[in-house]
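Here's the structure, in structure tokens; my notes come after.
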Amino acid sequence: MSSTATATHLELPAAGVMQANVFHSPNRFGLESKPIPRPGPGDAVIKVRLTTICGTDIHIVRGEYPVAPGRTIGHEAVGTIHELGAGVTGYSVGQRVLVGAITPCGQCMDCLGGHAAQCGGPLGGWRIGNSMDGAQAEYMLVPFAQANLAPVPDSLSDTDVLLLADIASTGFSAAESGEVKLGDTVAVFGQGPIGLCATLGAKLMGAARILAVDKNPFRLETARKMGATDTFLADGDPADEILRRTHGVDVAIEALGIQATFENALRVVKPGGVVSSVGVYAHNLSVDLGAFGAGIADKRIVTTLCPGGKERMTRLMRLVETGRIDLKPLLTHRFHLDEIAEAYRLFSEQRDNVLKVAIAVP
Amino acid sequence: MSSTATATHLELPAAGVMQANVFHSPNRFGLESKPIPRPGPGDAVIKVRLTTICGTDIHIVRGEYPVAPGRTIGHEAVGTIHELGAGVTGYSVGQRVLVGAITPCGQCMDCLGGHAAQCGGPLGGWRIGNSMDGAQAEYMLVPFAQANLAPVPDSLSDTDVLLLADIASTGFSAAESGEVKLGDTVAVFGQGPIGLCATLGAKLMGAARILAVDKNPFRLETARKMGATDTFLADGDPADEILRRTHGVDVAIEALGIQATFENALRVVKPGGVVSSVGVYAHNLSVDLGAFGAGIADKRIVTTLCPGGKERMTRLMRLVETGRIDLKPLLTHRFHLDEIAEAYRLFSEQRDNVLKVAIAVP
Amino acid sequence: MSSTATATHLELPAAGVMQANVFHSPNRFGLESKPIPRPGPGDAVIKVRLTTICGTDIHIVRGEYPVAPGRTIGHEAVGTIHELGAGVTGYSVGQRVLVGAITPCGQCMDCLGGHAAQCGGPLGGWRIGNSMDGAQAEYMLVPFAQANLAPVPDSLSDTDVLLLADIASTGFSAAESGEVKLGDTVAVFGQGPIGLCATLGAKLMGAARILAVDKNPFRLETARKMGATDTFLADGDPADEILRRTHGVDVAIEALGIQATFENALRVVKPGGVVSSVGVYAHNLSVDLGAFGAGIADKRIVTTLCPGGKERMTRLMRLVETGRIDLKPLLTHRFHLDEIAEAYRLFSEQRDNVLKVAIAVP
Amino acid sequence: MSSTATATHLELPAAGVMQANVFHSPNRFGLESKPIPRPGPGDAVIKVRLTTICGTDIHIVRGEYPVAPGRTIGHEAVGTIHELGAGVTGYSVGQRVLVGAITPCGQCMDCLGGHAAQCGGPLGGWRIGNSMDGAQAEYMLVPFAQANLAPVPDSLSDTDVLLLADIASTGFSAAESGEVKLGDTVAVFGQGPIGLCATLGAKLMGAARILAVDKNPFRLETARKMGATDTFLADGDPADEILRRTHGVDVAIEALGIQATFENALRVVKPGGVVSSVGVYAHNLSVDLGAFGAGIADKRIVTTLCPGGKERMTRLMRLVETGRIDLKPLLTHRFHLDEIAEAYRLFSEQRDNVLKVAIAVP
């Protein structure tokens, strides 16, 4: 950035407009026209090719997580570089990239201190589709583009990599923060998209036995494909059943964000073990640390927001390239951007065994 | 242990008896006669020279933590080796040793898996004065003696090292589990003996700023001697005050075990930071993980039981030997074993600026 | 061990003798009669069912690594418990167990300080077939049996688990000490049994790309089965080729112990990366740290001796149980104990695509 | 950086010139006029107030480390912000800052992968006074200013903080990379400025015993002030003496960069221990990994280049603020910029008990 960098861009018609999925108030959101963004210094504008809907987006449209009215939502995208702001080097217009959901600047106290996801303050690293316009649109602006665009190898398709921007990276981080060791026994509560990726993450890190819990048989079946060795329907007492089979797990991953799963996770984990939470909590949770015994049982509770940055996305793409992982089974349904309302409906109602929806942008 | 080891011991009068502080029921405990224990294979019997009372002992005599009636309590002692069981090698009768409060076997799944304090199951490593007779007596039996007796260098007195068996080791572990880094800002809630040692531990690990909270001005004054740079009376809103002065701390240590301090600790810690708890909870605690933001703020909660084993005690004694630490100011009062009732009264009522009481055994 | 433990054993004929493979002097070794060992306190005697030959044994019989004349060699075994010494609890005669190659006591300064493999001083943890009689025999004595016998689940055969005592555990530890991360690129120099297990270990820990180097095409073919994505014949300049394909690797594993591979490992690793060595060096190696650049390139060199203890063996057996790993392809040849001379010949000459030989004991 | 940021600067006379210490060829260097630099996007120009000479600068002027002829050298500075390039936010002209010696961009693969010092390739993070003009001048340009300027609190003087840009940070990192634990025994070979800071770093991290080796009695005396508990003249056999006193150290720090100290460091470290090197090597070093024993003794060798970024500098400044460290005794001599030739002479000849020279810039 110390060299003289000039902005490179395609010439745009004066009135460049695009379609974007805009939130206005609880349950009032949808496609509308917006100007195509222009990059400031350090930014990039991406022409979106493929995006998706996150559980957090459902919280937003329900009014459970606050974003400003008028905000374009969505934070996961594969696209091509449309325009580069001043100072962004080593990229070229037209290049296909995976865009980070979390966009750390790399240069603030939080980032330099190793907490990139919290860049600039609590949740600060999550900007796209939160504190600035997001990815469910024809074009999107990416801040700190130098750090947050990961070139996609030609050998990989958009669907191969889309989920690495957030959902898979977050799921894997549950296993990483849990410090899964070779041969460990891991319980994963919740087999939604994040939970399924946590299951896969536990397998990738060398867990021997992975016990997956969900209330949906199709999700449990998918969990087996992702590496689960034991699956449990959540309607009994899964913690009891896990304790009966394992005498305690090394790592318990909480990927749902509700009180019951948190309590179960704390209950099944062995002394010295870790409860790793990547659930997003729509409501306050109370964690009972117990009296005496439980409180001093050397247990740890860790929470993780999706780590960001192009280095991680690039590393994870390599797992797809070498065939170690295949995330396409998670993209159960495909829509076009103009069908996004329908996609939201399907995804939020969890109908038709939906896991994640791919939304193609023309 | 594979070599032939013969038990070495002093000849004892047939009816060897001793005085011991025995718990019977809530608020009913005191000195009485008991047979001097004899070591089984792997055990040692120690003639106690100096012992002390722990906050946990107060919980026991109040009936808040369950031990079997008839149990000799106390788990901290310096003494001399009186008799060695079969298979204990490299020690000699008469040798002065610090006895571990936690006595890991070193050979079970928990120990070999790195969770020595939980040896043999939850709290299993804490046996002395808990699941077997303890240290407030003229003689005590030490299990797994090979792993749990640390020879005391001649240059160090009994009072120099007594607190390293538990209270100081536990306090330091709060800072260690919190992963304090050079230049960090650390808040320590509660400046009782453990909290003061946590303050010292944070200093030892290179914290720059240490904010100590307590409701007792004398304890805050002592905290300054232990390394605190800022001290706060707990009766205002210490969390508010800490946030005002620091904009969030890297590590918050909870050394009291009550709901309010836990909440404060969670509140003052920065995203990416650690709440490290070594408080012993007399009552269930509820930890509010908050909605959205708080829950995914990359915070960690770690609980630690005093790590055991002679290696750690030996390492910590070296800090006293080289003058890096001086724990004697914590031993504010001195009693003889036959005054133990008075010592309990003073310590439990926290009168006369008591921190820890040294109890000399004749 | 603090409880009264009585030795449990089968009644043996007064003159119990057995066959054992005994080293006398360079190239003079073979089967001969020895008394069946009897356990002291803490020991166990195992009736061996399956053993194998390690590369280190070849060094021994060639006189390149010193053991006392008359020593029974070999340090890997599956067997049944024949007799238990005083103080060993929780096991029963007849039980099938995997015996640790490294036998940490769990109770010394080294063990308690986290360096179990170095129990009691440099290489101290490696006793069996080194400083005491070993596993290539009908019966063997195991010191510190409490810590070093891992019960084998009924679902697993002797051949399923034999290699977890040393070779696989050591190979995996190369990846663990190298701190392989999800998506990493790893080079493994040497695809002998340890190198192949290092390749598998890198895969187990989530490496995306694994570049395996050896001079033997069959071993490279096996490396692919273990997880290698790229294989190289060592006779060209494999370091050049690796750098050409990868622009530097995150972790380079050295599993051969010769100068050339060490230099190559240092050369291909990226700044900030790790050279993880599990090679056993028959000759001194010189590591060129280079001038300026190389020396301050934040590189690390780590060496690891097989971590010991039953907890690790149990954890690794779980990987076989759940089908995550299959080590049987490494056991290319099978002999009976009375054919051990032939087994040594085949293994040391690396004929017939031998990887490891299984030696059944009647 | 995504917001519109306009460059703020003082109006300069058209022909702004300054004095700078420029290298031309071995032993030919000195003050000359150069244009005052102007910042590009992301840069800052600093008016230097205080700078110093590093051992690496001595290597440069001797021709032992290559820099381009015409290069202004020096990489340590405190100064005020003179001009800010586009996109640098949160700073103001006139503000006093400590300038990073290593200037990571925070946004490349190396930085985001946790190897900021190697930003952009081997040694890439070290730009100032290496691959671009440096700090021994009236003005200097700082690349990636957002990440590399740490505001100096009013309570601290320039001399309080100058050494935190490189020498102290590097010395501390030797202890950090060595993973010094509470109560550890640490040997530090070489008590030049980096070695003295490594000694202080070991103390800050809680080492109990610190054995410092040098050939200069004054430096050993200073080592005692920094925390050394034992000091040794290097002309005997310091490794022998250390082994005699300690039976092996946990961490051996190599802060000189010559063959003998490296060999000694490897020799005195216990199995499982770490050799942490921050020496800058003018010549190739050969590290003898030994045969068998030594090679598999679980030893680690780590090399560290000064970690960069404003977060670390800010954290370390806090240690000065709270009185935990005082680096002023290391600044033994003071010069003005126009006396820089004399300063180089004194420093390179190590006359008059010089440790570091402060060079005031008018």
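A, B, C and D are the chain letters, set down in written order, and residue numbers restart from 1 in every chain.
Here is the rule we go by: a contact is a pair of C-beta atoms (placed from the backbone, for glycine too) under 8 Å apart; a residue touches a chain by one contact, two chains touch by 3 or more.
Remember, it's a predicted structure, so these values are computed and weren't measured experimentally.
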item	value
Which of C-D and B-D has more C-beta pairs touching across its chains	C-D
Shared interface numbering between subunit C and subunit B [over half = same, under half = different]	same
Length of the line joining the C-alpha centres of subunit B and subunit D, rounded to whole Å	40
Euclidean distance of C-alpha centroids - subunit C vs subunit D, Å	42
Residue numbers of subunit B (touch at least two other chains)	113-114, 312, 314-315
Parts of subunit C lying in touch with subunit B, wherever the complex brings them together	1-5, 40-43, 85-87, 105-109, 111-114, 116, 132, 141, 143-144, 146-147, 309-312, 314-315
Of all residues in subunit D, those that touch subunit C in their complex	59, 65, 110, 113-115, 117-118, 121-123, 257, 262, 270-272, 277-305
In the complex with subunit B, residue positions of subunit D that touch it	172, 176, 181-185, 201, 203-206, 208-209, 229, 312, 314-319, 321-322, 324
